[in-house]
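Below are two complexes that have subunit A in common, paired first with subunit B and then with subunit C.
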Partner chain A sequence: MHRYIIKRLIYFIPVLIGVSLIVFTIMYLTPGCPATIRLGDQATTEQIERMRELMGLNRPFLVQFGSYLWGVVQGDFGRSLHTNRPVLGEMLIRFPNTMMLAAAGMAIAVVIGILVGVLSSVKQYSFADTIAMLFALVGISVPNFWFGMMAILVFAVWWSGAFGYSLFPSSGFDDGIRSLFLPALTLGTSSAAIVLRMTRSSMLEVLRQDYIRTARAKGLKERVVVFKHALKNALIPVITVVGLQFGFLLGGAVFTETVFSFPGSGRFIVEAIRSRDLMVVQGGVLFLAIAFSFINLLVDILYGVIDPRIRTQYKAQRWNIPWLRRGK
Partner chain B sequence: MAAKTSDQAVAMTTPAAKKKKRSQRAELWRRFKKSKTALIGLGLLALVLVTAIFANQIAPHPYDGMNLMVRRQPPSAEYLMGTDHMGRCVFSRVVYGTRISLVVGFFAVLLSAIAGGTIGAISGFYGDKVDNFIMRIIDVVLSIPPILLAIAIVSAFGGSLVNVMIAIAIGYTPRFARVVRGSVMTIKEDEFIDAARVLGASDYRIITKHIMPNALAPVIVQGTLFVAMAILQAAGLSFIGLGAQPPTPEWGAMLSTGQNYIRDAWWMSVFPGLAIAFTVLSLNLLGDGLRDALDPRLKT
Partner chain C sequence: MGNKLLEIKGLKVHYITEDGTVPAVDGIDMEIEEGETLGLVGETGAGKTTTALGIMNLVPDPPGKIVDGEIIFNGENLRTKSREAYRQIRGNKISMIFQDPMTSLNPVYTVFDQLTEVIKLHQKVGSGEALERAKEMLAKVGIPQERGEEYPHQFSGGMKQRVLIAIALACNPALLIADEPTTALDVTIQAQVLEVMKDLKKQFKMAMILITHDLGVVSEICEKVAIMYAGKIVEFADLESLFTNPSHPYTVGLFNSIPDPEEDVTELTPIKGLIPEPTELPPGCVFNPRCPDVMDICKGEFPETVELSPTHRVACYKYHKGIGGENK
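Moving on, here comes the complex of A and B:
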């Protein structure tokens, strides 16, 4: 197991370098000179040249990337072109809100996705199954920012028009958990659809296996067979999907936070896009990409903890027992 | 000459082979027809395509025709989906927007299929160090969520539909590469590839004439589903101000404007979103049906 964790951690290093290289290359190829942007249009050629020298822009590509990477390792994700504040500090202030939103969205996705997925698989080809699959299809087809707008329209605008008060706040984060509900529902819907599809297909596969037939033959109650025997095994691929989806929710948060004026890191990036603060956009994207990779790393490790076959595989490698290595 | 002979030998362009190919198509169509959802998807997509092609005839008003006297009018017989804050017909803009979304989605995926297909074919065919090198690069690109990569690229190079298309294509290239690589690795072990090699066919001919036609099924399936995702992404980028610029009638940009008027002009937000959902739903239904017909192994 330790071997497995160490191996995953080692794999993480080239990924970090690669992600930084991609973001740096995009910045490097950006039309327009950063020195001119920083000094403004009134700057003379000499001033621009001096600033280029100061910013290290005259150095070769690889040298520039090396110093950029070293900066990233030390927490330097660049500075805002407008406020001159460090991007990392600004992101860290907002990132906990984004994580909270993503966690709430994921909780909604897991509860809806797994419950409906199980029901759908147990009642395969029934009316309930058809409705569930339709929900899954619509869930992955609707843009989440539009879903959010519709949620505002129904729960805030129309509801308050009909009853004189808003069921849920449509923006901000002042109302605690009530403020979180609509953004989390918006963010979690498409993930719920994906978790539902995966749970259904995984459950269908497990329910056909011999040990389930044995459990039924023993006279166990159907509820026990489904939730204790089948779901436990069916959940392993679902956990992988949930982990991956959690990372993707960080990307999706960019839109959800914009619609609900939610004070997270996604909205911070969108505000930077609108004010053309390229350094914040690039630094913010790098930060979220690293967070995404890190979450994937944690999911990989968690997967090893949950699935005993992975543990056995690594134990077998260490002790060099052929029959264990084959997973028998 | 040798290569040509090998092609003739392997492709077997005899009437019997043609008949076999026809019967394969008939079998695929039979399997596709069995899925009701796939047929519904095909029907809905046909409707979207007809709307895009005949937008000039369907739209009752020009998409940029402003009339400040009828600003933010609710849906009526004259304006089926109402008017926006500049008095433009929302229905006409939604109809013209179909063209933009389909073109952006389709060409972004086509670009990524060509680039990813080439990379995947090289990686899968040559294997070993070449494969290892390419796959590590792909792993790194895949470790950035596609929407974040697209935001980084478009914000750097400027908001425009062409840049959106390229940015989305870059995000999907490694995904295609993986799909093609997997297929190529399986197909290259088949006996007919050995036969082509023995007959003197070059690597290029083997890849383009023998392997790629057989590796197309998963590419088509993934391609259909990726077009749906690309349309969603393009709309998202336009929504945050990185895609289409005014007065282009792009659905995401229309939703971005609609958001400001959601309290007193709901139709500005509802209809463009429905158009996106309808188009993406048709592609998802079609993609699921194609997957079941062309590549049952991918069925979830």
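Moving on, here comes the complex of A and C:
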């Protein structure tokens, strides 16, 4: 298991290089010269030229990429073109908020998705199942920024119009958990729908298995059969979806944070796009990509915790990275 | 011996599908005494497994339904029992072993988990004592104790079936239903598993219903035999009279299809035709399209059962007074 984790961390290196190459290339090809943005419209050609030299923008592409990557490895994600503050620091201030929002959204998605999904599978084709599937369809189809605006309309505008106070604040992050509720609900709805569908289909599959019949033949309560014997098996594909959704939530937070003026890293990146702060966009996207990869690693480890067959596989795996094997 | 343990009267289990009603078990009678072994023999699709699931009240519903009949176990009609009361019997007084050991154990729990679960459930003992009992049971089926901490995927098919036998016998049931326990295993392992079952049956003094299509196995283990065809029991007899005096044309066909090892056989003698489509059973005796001795009356109604001797009865017009050749 440890060996597996270490191995996964080593795989991280090519992933990091790949992701930064993609992000860097996109930014490189984006029209607009960072030096011009840095100096503003009033700058003379000569000043811009000097700034380009200072920022190293006149070097060849690969050299620029190499030096950026070297910086990233040392924790230097570049500096904002407008404020000259380090991107990593700025992200680290805001990222915990985004993480919290994504985690809250995920918690809502997992609780609703798994509970309703299990219920739905046990009572397949019942009225409750139909309602749940309808919810799933709506949840997946409706874009979450629209859902966010509707949530603000209902809970903040109409509610305060009718009762004179607002149930949940519609923006900012001053009210603690209460201000987290609407954005988390907004963010979590579509994931809840996806988790629900996955749980339902996975449970339907598992409930047909022979070992469920064995469990029933033991005389176990149906509740135990469903939650102990079926759900643990059904969770394996659900975890994959939850992991992917978590990454999606980090990205989806960009819209939700904007709609709710939530002080997270997503909104920070959107603002950077608006002000054409290419260095922040580049560093911010790379940061989120790394966070996403880390979450994927956690998901893979979680598989092993749930499924003993995968655990044995991890154990059986030998080092197959040649330059490492030689050192051993 | 002598006490009736289980008596089934007119049991009907139907599967209600869109293509019509399938009378998988259509009015069967049988009885089994304490400590006795009954062989339930028939082709695939004859309704053997459905009969077993009917006794366990585990017929998948929908589409299956027990529509009529009585299942009297220890003097009590199980069909009037509540779900809760049935749970107390299942895995405790009546246990079942299934056909495919490869898929009948839950892959995410250890063997001990799955074995102690049923002991704790029915014997009302603590974890420590349950574990002790589990170890004893493993020893009885010939599995080293320390392997109890392993997961099912670390066991071979024969070992898994031994584990399933241990689970089924853990609460010392009065009746064990073994649904083709050796069909999925290879021949040498089959013999070993049968040996274990025979041995434990003696030790535990329990009755057993052995579902099989192997007449060789029947002759080794069983005291009574029920021959099933298309949802009906066509012949029911003690082992000796069935083997010396097979009476129903279907039973005769079954015996004829066994090649004689003494003779140089170049061609097998099958029963002509195929088992009928379950939704389109022929009128009258279900066997009439394939029967070599078919008469006009066979196409009218299903024949009443005739007693050839107190321990031998057969459902065939050949033995009806005034119809068949030999009036018995």
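Definition applied: the second predicted complex is superposed on the first by the 307 of 328 C-alpha atoms of A that agree within 3 Å, B and C clash if a C-alpha of one lies under 4 Å from a C-alpha of the other, contacts with A are read in each partner's own complex, and residues count from 1 in each chain.
As a convention for this text, a contact is a pair of C-beta atoms (placed from the backbone, for glycine too) under 8 Å apart; a residue touches a chain by one contact, two chains touch by 3 or more.
Keep in mind the model is a prediction, meaning the values are calculated, not measured.
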{"item": "Combined model on subunit A where subunit B meets subunit C, clash or fit", "value": "fit"}
{"item": "Touching partner for A:Arg178 - first (subunit B), second (subunit C), both, neither", "value": "neither"}
{"item": "Subunit C, subunit A and subunit B - angle at the middle CA centre, rounded to the nearest 10 degrees", "value": "80"}
{"item": "Subunit B or subunit C, by number of subunit A residues touched", "value": "B"}
{"item": "Which superposed partner A:Lys7 touches (first subunit B, second subunit C, both, neither)", "value": "neither"}
{"item": "Partner chain in contact with A:Gly247 - subunit B first, subunit C second, else both or neither", "value": "first"}
{"item": "Partner chain(s) touched by A:His82 [first = subunit B, second = subunit C, both, neither]", "value": "neither"}
{"item": "Partner chain(s) touched by A:Tyr211 [first = subunit B, second = subunit C, both, neither]", "value": "second"}
{"item": "Contacts of A:Asp307 with subunit B and subunit C, given as first, second, both or neither", "value": "second"}
{"item": "Touching partner for A:Leu220 - first (subunit B), second (subunit C), both, neither", "value": "second"}
{"item": "Partner chain(s) touched by A:Asn233 [first = subunit B, second = subunit C, both, neither]", "value": "second"}
{"item": "Least C-alpha distance (whole Å) that remains between subunit C and subunit B when both complexes are overlaid", "value": "14"}
{"item": "Complex contact set, residues of subunit A against subunit C", "value": "209-211, 213-221, 229, 232-233, 306-309, 312"}
{"item": "For the subunit C and subunit A complex, residues of the former touching the latter", "value": "56, 58, 87-92, 95-96, 98, 100, 103-110, 117-118, 121-122, 151, 153-154, 164, 167-168"}
{"item": "For the subunit B and subunit A complex, residues of the former touching the latter", "value": "136-137, 139-141, 143-149, 151-153, 155-158, 228, 232, 235-236, 239-242, 252, 255, 258-259, 262-263, 266, 269-270, 272-273, 276-277, 280-281, 284-285, 288, 299-300"}
{"item": "Sites on subunit A touched by subunit B in the complex", "value": "14-15, 18-19, 21-23, 26-27, 29-31, 137-138, 140-143, 145-146, 149-150, 152-153, 157, 197-198, 201, 247-248, 250-252, 254-255, 258-259, 269-270, 273-274, 278, 281-282, 285, 288-289, 292-293, 296"}
